[in-house]
């Protein structure tokens, strides 16, 4: 047996079913929660603390010693103290030499310090093997055992064996370690738990803004206009009718906004004649939140579907049907079937359903577990080909919705167009430009540019 | 090159495209199935067997030798025999020294033996490197190549290199190895394939029990009562009407039961003034099956949605509509639009749809691949904030369903309340208590307790 | 510190926040894209190129040197040149000795060469450590930073440490490495990006073929027949009515085809008396695409559900209702409730909904992240027990759809049966045979055969 594998043996839990002692520096909340959990999982735990007075908060089976004594009892030391107090560890450098130090600290703000806490610790104690871990787990979740959330623990560190040891502890606690590479990843790991859907912020604000605008627009045209000119109180339209006008409009616009940056990118590249210059910042950011935009569009589309399907259950719809049929009966006549109308109504519904169906397919493909099982070519096929097909179907659905009245001037109240006409502007523009872009005379240079070709290659020197 | 990396080279498949010989002890079903698969994947296979008489069940290209001879030919030995016969391996200890033994055994019952089979094997042969693997794969699936199920193979073992070698074989067979850490995980791995949805049992029994109770309750009130007092035979209500009364009630109650344990936990912690005492066992178990309760509630809610949407397609609905309209026509009148009714009907539907929409969002977030991409803060936001919003919307939806008749005494048949009134008890109680809990004077101490503060800290000496 | 771990230190990024230099051979598109990304991630990059004339396509911060000089500057060399030019590397063998060579090449066709590019490279330079990686990532995606697709990078190689180093680089670029084992996996990794849903091809062609047939069949019976004999123009049936006849038929047939190969396999095994003979090729292939068949069936079933639910919104439906009610009103009568009809209509709808509900459950279980969290026993329970229950419900739903006219001769236009009758043939046959197969006298020998028992074991001496 060579030295190295005996070293592994020393660190890894051995076959005699006994776990290695773990030392925890700091008796704060997370330190205690972790200690409890470690003891439950069969690890002997020793606390390193300034005062060895034992609070009954500390797990009963744990020993409490001074820092240096505690550190000597274990090969792994979990540093459950705040970054500000890290420098008190410097005098212990000799005791901690060669040991695995697990940095579990979190910050209060994103990028609070120039370097990550773990890297700072590694600089203070260059002789120790620093591993970042556990910072993404909540003490409260650990304590109450209710880890229905992510069980993933990000682990990073420069020493492969130290990382293995920490990952084994993570697994023993019933969590799933995820190796994030070297200690350089610590910054990212420390920022992770501070985020609240950073990629979703812009798309959500955008949809709230747009949604509010369209809601008020419809309120004015459908409720206030009707009240003033037709003296009808349709205030109950606020609950279903108006939302069901706004939702499809939002869905179509946001769906179109998913494909718009791709169009811009193509035009920019064609104009510049190269792909080796960065896009403007706004375009970069836009491209990065396309998935989120698409999913919000899908949410609106789904709401539109259900709001539409409940139509026959509404008291208003049932009243309107009665009124229509009773008036026919009183006039002693049945109207014949209007074939144009039947065609329009059926194709309108069929296009909408098929478009929504493809849209849901796109949504399913963007589930992480599905998109990970799909290669780049397949992903492009679904997101680009099927996506454009869905956009075409949804645009056609909206156009036929207008039916015979589409663009007829009598439909304009207060000279304002209905919102479904507004919603058609962006998708129609995209479809027209895309149609131009797939012409060979435009597509060929674009493809070559994307394969690395340049129109005006300039050699420096 | 140092000794260690040459050791790795010896174990790992080398570049000359030739796989290492694998030895299999035991010619039972799984041993044969694994042998077939290994040969297909390019591994030379040698069987160790008591009788070297070759059955044609054994793959043609495999050699069959005595145990000792076979073991000498390979660095990896797969032990495809039952735990009861492990002790016959003890005489072979010398031959097996330093070799990788793969324990693939399964038990018939959960926790059948005090220690796992793999640990027992490691105790019998302390000189060998025992790795647990393959026990979660079915021989039948391996044989027929139809592994549509999980392709994950849990692997654990104390020797890191031995584990690597086994994981390479797992990958070569087209399966996905999952490192579960040291051999201590073997118990869990051996229990895994014996489970049949253990977390789902209680929620499913609970919903069957509750569902049956409510079904009979409705049957009595809607069918039997109507038959006795109104002489109407509405027995066909059993197919759609009654289920569609029971489903939403079940959905609301089960959804409320997801949030009830959190309320109990908060009250217990406020009362005790500490978080460092374990909750009663029933509360712990309840908290652990909240996700399952929520998903069953979502299933009931989904059924309720579809059962409601098909209403206009029912022969009964179409008959009722005809009857109503014809009677209006015969009376030569059209009833005016009832605005209160229109408001109630529309807001009832809108609240239900929005509540269901948020509920589906919660369901999607609980998909493993989604919840793994979400940090603790985001998960809490969705499950707690959005969850309570969904509960409020669904409770309001149910209240407005009653409409003008809500709590009116004339609606009580046989002095029994309608089940939707029963279903409101738990969610309303939860919402009231939660409303109290978010008052700062209650919320502040609770937050401090959850951060580790204690009302009566007792220092033991 | 022993030699080995110091070796790890040399390769792994050290704590001083400085990344190792990476050398890239070849200044083609992918080489440049990767270089850009590496520089962004903090790696010093040096290009090895025949001409050291610096094109401005090459990232500004990168150095460009001759191959040998560039290679000497780095421990990792990314080979971004095509396989045809690999042999020019042979003279550099001495410089490349002991270094990590990353093969990122892709082929144009599946299995273009007898051995994978990475294995070919390893044969040319036996002294270097070849790792296959990055070939699944698109240069365009890397460049534009829009990696919404899979972030997985498959990595394989025979040297564990070299693989670790490459995986660290992969992680640093924001991608997720997936260890696929030894270099033997390179062939599979190189084929991966060339595939376009290979498992879906047959099921999709099959459903297009079947779907077209049924569409034309319905067109003839519902539109052309009606036009000729009843002189009614129902051409608008093409949009909704006919699709909504074809979709459920397709769903039921494809769903049945998921269970048919299992029935065949059982019969073949019973006949042969052994499981140790391969199934015919067509059966093997059929079994491997069952999941895809089931998901397409689910898609058709979902379309059927939505197409059915929009029925009351159709102009045709509203016209038909008016006509029926007006004629009743004019005849001064209300028809009484037909109880048989109410029962048939309600149970038809309820069975369909429950069948669809179980079908969706099956679909959710087949999501990769869900099926990975389910053991073999649970998967079998869902796919087999619940699957058959869903099949029974859907078959019953279809039978009751026919209602009183089921198999009545008057329903046959041009002596052709309605397509829902055709769709019942396969599922009914499967359910009958399955019913026979679960009889103990048939089930017991089958179970024993699947556990490895043979009816006529022949020992070859």
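Order of writing sets the chain letters: A, B and C. Residues in each chain are counted from 1.
Following the convention adopted for this analysis, a residue touches a chain if its C-beta (ideal position, glycine included) is under 8 Å from a C-beta of that chain, and two chains touch if they have at least 3 such contacts.
Keep in mind the model is a prediction, meaning the values are calculated, not measured.
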{"item": "Shortest path length from chain B to chain C (each step joins two touching chains)", "value": "1"}
{"item": "Chain B against chain A, contact positions shared by both copies (same if over half, else different)", "value": "different"}
{"item": "Distance from chain B to chain A - Cα centre to Cα centre, in angstrom", "value": "23"}
{"item": "Multi-partner residues of chain C (each touching 2 or more other chains)", "value": "2, 4, 309, 312, 321, 325-326, 329, 367-370, 372"}
{"item": "Sites on chain C touched by chain B in the complex", "value": "2-4, 7, 115, 119, 122-123, 126, 130, 158-161, 179-185, 265, 274-276, 279, 284, 287-288, 290-291, 305, 308-309, 311-312, 321, 324-326, 328-329, 332-335, 337-339, 341-347, 349-350, 353-354, 356-357, 361, 366-381, 383, 450-452, 454, 457-461"}
{"item": "Partner chain C, residues of chain B touching it in the complex", "value": "2, 4-5, 8, 12-15, 17, 19, 28-29, 32-33, 42, 53-57, 136-141, 143-146, 148-152, 164, 167-168, 171-172, 192-197, 233, 235-236, 239-241, 243, 299, 302-303, 306-307, 309-310, 312-316, 318-319, 321-323, 325-327, 329-330, 367-370, 372"}
